[in-house]
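Questions regarding the structure given below will be posed in turn.
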Amino acid sequence: MTAATTADVLERTRAFVRRVCLPAEARFGGHDVDPALRAELQEAARAAGVFAPHVGREHGGLGLGIADWPGVFEAAGYSLLGPAALNCAAPDEGNMHLLELTGTPAQQARYLAPLARGELRSCFAMTEPHPGAGSDPDALATTARRVDGGWRIDGAKRFISGADGAAFAICMARAPEGATMFLVDAGTPGFEVGRTMPATDTIVAGGHSEVVLHDCVVPEEAVLGEVGEGFRYAQVRLGPARLTHCMRWLGLARRAHDVALDRTAERELFGARLDQLGLAQGLIADSVIDLAASSALIQTAADALAAGRRAAQETSIAKVFVSEAVFRVVDRSIQLLGGDGVVHDLPVARFLTEVRPFRIYDGPSETHRWAISRRASRLRGAEREA
Amino acid sequence: MTAATTADVLERTRAFVRRVCLPAEARFGGHDVDPALRAELQEAARAAGVFAPHVGREHGGLGLGIADWPGVFEAAGYSLLGPAALNCAAPDEGNMHLLELTGTPAQQARYLAPLARGELRSCFAMTEPHPGAGSDPDALATTARRVDGGWRIDGAKRFISGADGAAFAICMARAPEGATMFLVDAGTPGFEVGRTMPATDTIVAGGHSEVVLHDCVVPEEAVLGEVGEGFRYAQVRLGPARLTHCMRWLGLARRAHDVALDRTAERELFGARLDQLGLAQGLIADSVIDLAASSALIQTAADALAAGRRAAQETSIAKVFVSEAVFRVVDRSIQLLGGDGVVHDLPVARFLTEVRPFRIYDGPSETHRWAISRRASRLRGAEREA
Amino acid sequence: MTAATTADVLERTRAFVRRVCLPAEARFGGHDVDPALRAELQEAARAAGVFAPHVGREHGGLGLGIADWPGVFEAAGYSLLGPAALNCAAPDEGNMHLLELTGTPAQQARYLAPLARGELRSCFAMTEPHPGAGSDPDALATTARRVDGGWRIDGAKRFISGADGAAFAICMARAPEGATMFLVDAGTPGFEVGRTMPATDTIVAGGHSEVVLHDCVVPEEAVLGEVGEGFRYAQVRLGPARLTHCMRWLGLARRAHDVALDRTAERELFGARLDQLGLAQGLIADSVIDLAASSALIQTAADALAAGRRAAQETSIAKVFVSEAVFRVVDRSIQLLGGDGVVHDLPVARFLTEVRPFRIYDGPSETHRWAISRRASRLRGAEREA
Amino acid sequence: MTAATTADVLERTRAFVRRVCLPAEARFGGHDVDPALRAELQEAARAAGVFAPHVGREHGGLGLGIADWPGVFEAAGYSLLGPAALNCAAPDEGNMHLLELTGTPAQQARYLAPLARGELRSCFAMTEPHPGAGSDPDALATTARRVDGGWRIDGAKRFISGADGAAFAICMARAPEGATMFLVDAGTPGFEVGRTMPATDTIVAGGHSEVVLHDCVVPEEAVLGEVGEGFRYAQVRLGPARLTHCMRWLGLARRAHDVALDRTAERELFGARLDQLGLAQGLIADSVIDLAASSALIQTAADALAAGRRAAQETSIAKVFVSEAVFRVVDRSIQLLGGDGVVHDLPVARFLTEVRPFRIYDGPSETHRWAISRRASRLRGAEREA
């Protein structure tokens, strides 16, 4: 991908989001993007040449490498509707990435191709109710046993984003050989999507569902990649997925910041324009710094992934910093907006509850800090020995 | 008030809130307490001997002085329904205080008495749309002109808590002699309660409304206290009102903290109980410290008010610290709850948006910091000269 | 003690510190108060009626109870020389308190009386080199064995404040019955005061020393209180001692803040007085809030101790908050002073390294947070069961 | 510069600093690097092929471009002696950069060449006593008037790093045409280096001096670049100079962090290794994140400068974030070291006062925040209009 092309895609994406997505937000009731609106936006994105920027050209995407995603994904995330329009929203985006890397040609043809075209949605079923897999993936309690003609899966899942309406799930279960991923079609007997959890965030299509697998039998070819490689694949998926979350949410933080800047440029208080009052300037500067540091950390981690490294430390660091910085930026923007900041006449009041869960989803900050510290101690130990 | 009596009231209030209010929360749909539920809870509070703790005995209350309010109000605020049940919720509580201090006997009989008994609700109409009175009260734009038989009031208000359903408003307007407060009955021609603003907080009965006064004529006896004393009275009301907000919200923060502590005592993660993991303990300890410092600052300011001082610096300091500490405590509690913290199955997910506006209402933190700094510089200047 | 008397002592102390101690600071080279200067200041303090405010009248002090100490100790701490002048500096002040509570009449006559009169200094020898007693007192490694005519003590200590020049040490050692405190006279064979540790703080008379006890034999009457009660006594000493540290350091923080306020009142920057620039006002306000919260938490803990409670949670909370707030206040004062803040022409540049260790001494913040969290979980557990 | 070469230089620098500079620190008394030690270290650096990495090959340096400086300068800053050894310490490094960009061939031959070879030191005389040039450069009060044969300069300077012992100064003065830079040789009559200011930081060779220019006459060829271009040149110097400060101090922060990690790997507390206790892990992780974000922001700004942009916003952001992060990292390292962290037996205790001034020098954080906020508001205004 040449730099010129990437700059092109970025410019087109920014224009598209401002021209198409922001105005469409008024039609977005929350808790789910209406399928018709989604289809309309995706059609417009195709026409604007910004659809599926992260998908390989052979699967109909723009073919950008991960080092070129940050700006584009952030531009998409500037609108609550942008990622869905570009078909780069979670969890589909991470699933596409995983299928590209680990799917057989047949699996890619059957699952990846229509997913990349936006014809269907998918979900990723890993998280379980306590005391199953949550912050600690080792606690995986869903089981997969070999049965005649394939595998029988049993277990309970929750926080399964997009399950309601998904055409298929990538489902994590514990086989005798170890954690394994299975492609489970919606409608498979024993695969039941339960209630939508009343979470504070609302922009994932389908929301977050509870899912039960009970005597759910899938054929042998439903195994994604290799049996027993589930945790390794989860890492393959989670590193980039964690980072694309950062990119998209950073876009929303920038949006909140811009809304606040616009207001401070027109408000007068105590005889001065609000953006000329020192205490407001302090909030603005702190947000500028948070946005810049987030951006720099994301790019650093994306470059490491692009170089073929696992980059667990870099993506963990980015995840913690960006999820917390995004929350601070939204919070400061609300503060700069004053009373208007906590009233739903402006979009920003809503952003606080949209971004809050990101400090918990994909590993709470505390779990990442624990892992970051351990890696740092280990690395330093190796240096001491060298 | 003897210490024994206060300890009694406190104990009874805690028991009442746990026994009556917490279970009733399931019947609270949000954005308004159903009048029937409110009446039922108030009846129960009367029976439990905890109704109107802050109101003088001559007006049917328990007669606690402000130095004895902190514990009791905090205990009430532990439930979203507690302040309404005890009839010590905003804005009525502040209005009662103001009417006790400045109302004529006739005004007290007509407005204070039924308000203290919980028979009606009231509102306080000061805040205006930009560029009117907001963070800067001097910008007051609503006017009051003498007309035959009284005053004509014209202007627009917003964020008028409880206006929808209030029997009367205490309305701030600019008379030729200066800012003045007027008692305006609901139903007075020209006093129009507009739309309820879609704010993120929902527990004030009636919500926050826009109000228009247009050619609204009130009689001479509608003037509360003296003409031209409006700003002084506003200070009389705002100091304690600011502090009682702190007390109530601190109760909600303690509730969030308790819910989190309960969960950390039963969850296992990485082989340890959650409340034994250092990073969780750090969050818990920081919240304990925030709660203790909030409590200590509230008591300090309440003691200063009880001693008859204006205590503007003390109440400003308490307002900034407590509003920010309460937000941090709720935020940490969510973090300790993990995924459950951002799902509305638990009450805490909702608390974040309930408490967020308090950092803006009654003067944003930045306005208070500006005032705190100026007072500190002035005070130190006086010390230098002495 | 009547309130009037306490107010009197407070007023006299403030005047004394400003009149006598601040000017004397120019004669204070650091790392130790010259004994002659110390004697001169103590004589002046006696003449001013402010000497030994915390000591019982029967031992020649002013007899203030601990609830009345906060203001007075803070006023003393406003100068680096104030606590020494009033004879309420660490570690002597804590040792006096301990001797008053646990010493026999003979021990009080021999050790407490001259200590209270300022005729000699003392030290408290508990902390040991790793892996001995430090953050974890249970690791106490110094031993005490019964020998003919008394006890033999062996072990190593460090961070023993005031050991160099002390007339006696209260020394903690592990007897067969448990941790025990011994009164060890300087000069006792086998009690060796080693090098002064090059710590960043310098205002403790004698500095912090390494001490070795090697075959150090003391008579039976050297046991302070009861054998085996050392840890309990340590708590008796540490609660108040921790709190008086807070009081004194809070005084120094207020001093830094005042120096900064004075400078911001005379400096012009970008066409405005520095104390009128919003970003400076933010720093000032944050320090005012930190000082107020520190003061409120100290008073809360002092009241709890005065009521006869152990108040471990209250003193831990105060220790963490105040030690961190004091550091922040000094740091912000430096920032407000700009270049002058980091040059030793002003006293404030030095304060940063004076106050930094307090976040570590007497239990690092992390140890206290751990203890605070555990107590909170335990307390909440008891509430759940009730 | 190929990537391979840069990686080479980086590797050699790391090895050199560990092999040569760290051991030499024991010979560094502080407040000045002994000239003989300095010469010895520079000789060793030349032998190791790491001398003057930032200087063009035509002037005897390694010729790295600014995009390649961050890692190398950080590696140098890992030791207090590294920058001096590599001849990339402030203020010489910034002066070399300025002379390369603006000096005439004759000026380069006379000043730059020996400076690049480490044969002499220099200083940059801009900052003045209040109310002259400090945070606000426009307040420049030193004057330059044309006299027979050149210019006469009059004024007072302070915080002139390295003036004591410098062979020449680049001196900023206000000519009729505007601010102008002059090359003033040490020994020029009327150029007087006054007392060394007792600043808390000590590693700049020569310390920070007061300088007086009184009837100081310099020839016409002493003008650096163009008359009246002083402020523009100051920006040319300050952007990179600000950033190289960040790089070097980041190295020292990493050093503190490594010292703390080493200790936490060997200490046991409460039955666990210190680096396995959650509260310690939180401190470690926060420092890892601070270091990573600092590094990413520095690289972002360096890349912008390398691309030929002025990058005022990027360097301001980096300056604020890094100076504050470095302080936090050093502070956390001290905390992790416990009592050992505040004793000068380890080097870290000293680092706190070494790094503290960087939040003030080169523009206090508040001045940069003010500028960052204004630029952000301006940029957003331009976007709104587009």
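Order of writing sets the chain letters: A, B, C and D. Residues in each chain are counted from 1.
Note that contacts are C-beta pairs under 8 Å (C-beta built on N, C-alpha and C of every residue); 3 or more make two chains touch, one makes a residue touch a chain.
In this text, all values refer to a predicted model and were calculated from it rather than measured experimentally.
Undergrad: By mean C-alpha coordinates, which chain is most distant from subunit C?
TA: A
Undergrad: Looking at C-D and A-C, which pair shares more C-beta contacts?
TA: Looking at C-D and A-C side by side, C-D shows more C-beta contacts.
Undergrad: Quick one: report the Å distance separating subunit A from subunit C, using the average Cα coordinate of each chain.
TA: Centre separation, subunit A to subunit C: 52 Å.
Undergrad: So what's the Cα centroid distance for subunit C and subunit D, whole Å?
TA: 39
Undergrad: Among all residues of subunit D, which ones touch two or more of the remaining chains?
TA: Residues 277-282, 366, 369-370.
Undergrad: Across the complex, what residues on subunit B touch subunit D?
TA: 277-282
Undergrad: In their shared complex, at which residues does subunit C touch subunit B?
TA: Subunit C reaches subunit B through residues 258, 261-262, 264-265, 275, 278, 280-282, 284-286, 288-289, 292-293, 295-297, 299-300, 313-314, 317, 320-321, 366, 368-370, 372-374, 376-377, 380-381, 383-384.
Undergrad: Along subunit B, where are the residues that touch subunit A in the complex?
TA: Answer in residue numbers: 127, 130-131, 134-136, 158-159, 197-201, 267-270, 277, 279-280, 283, 334-335, 338-339, 341-345, 349, 352-353, 356-357, 359-361, 364-366, 369-370.
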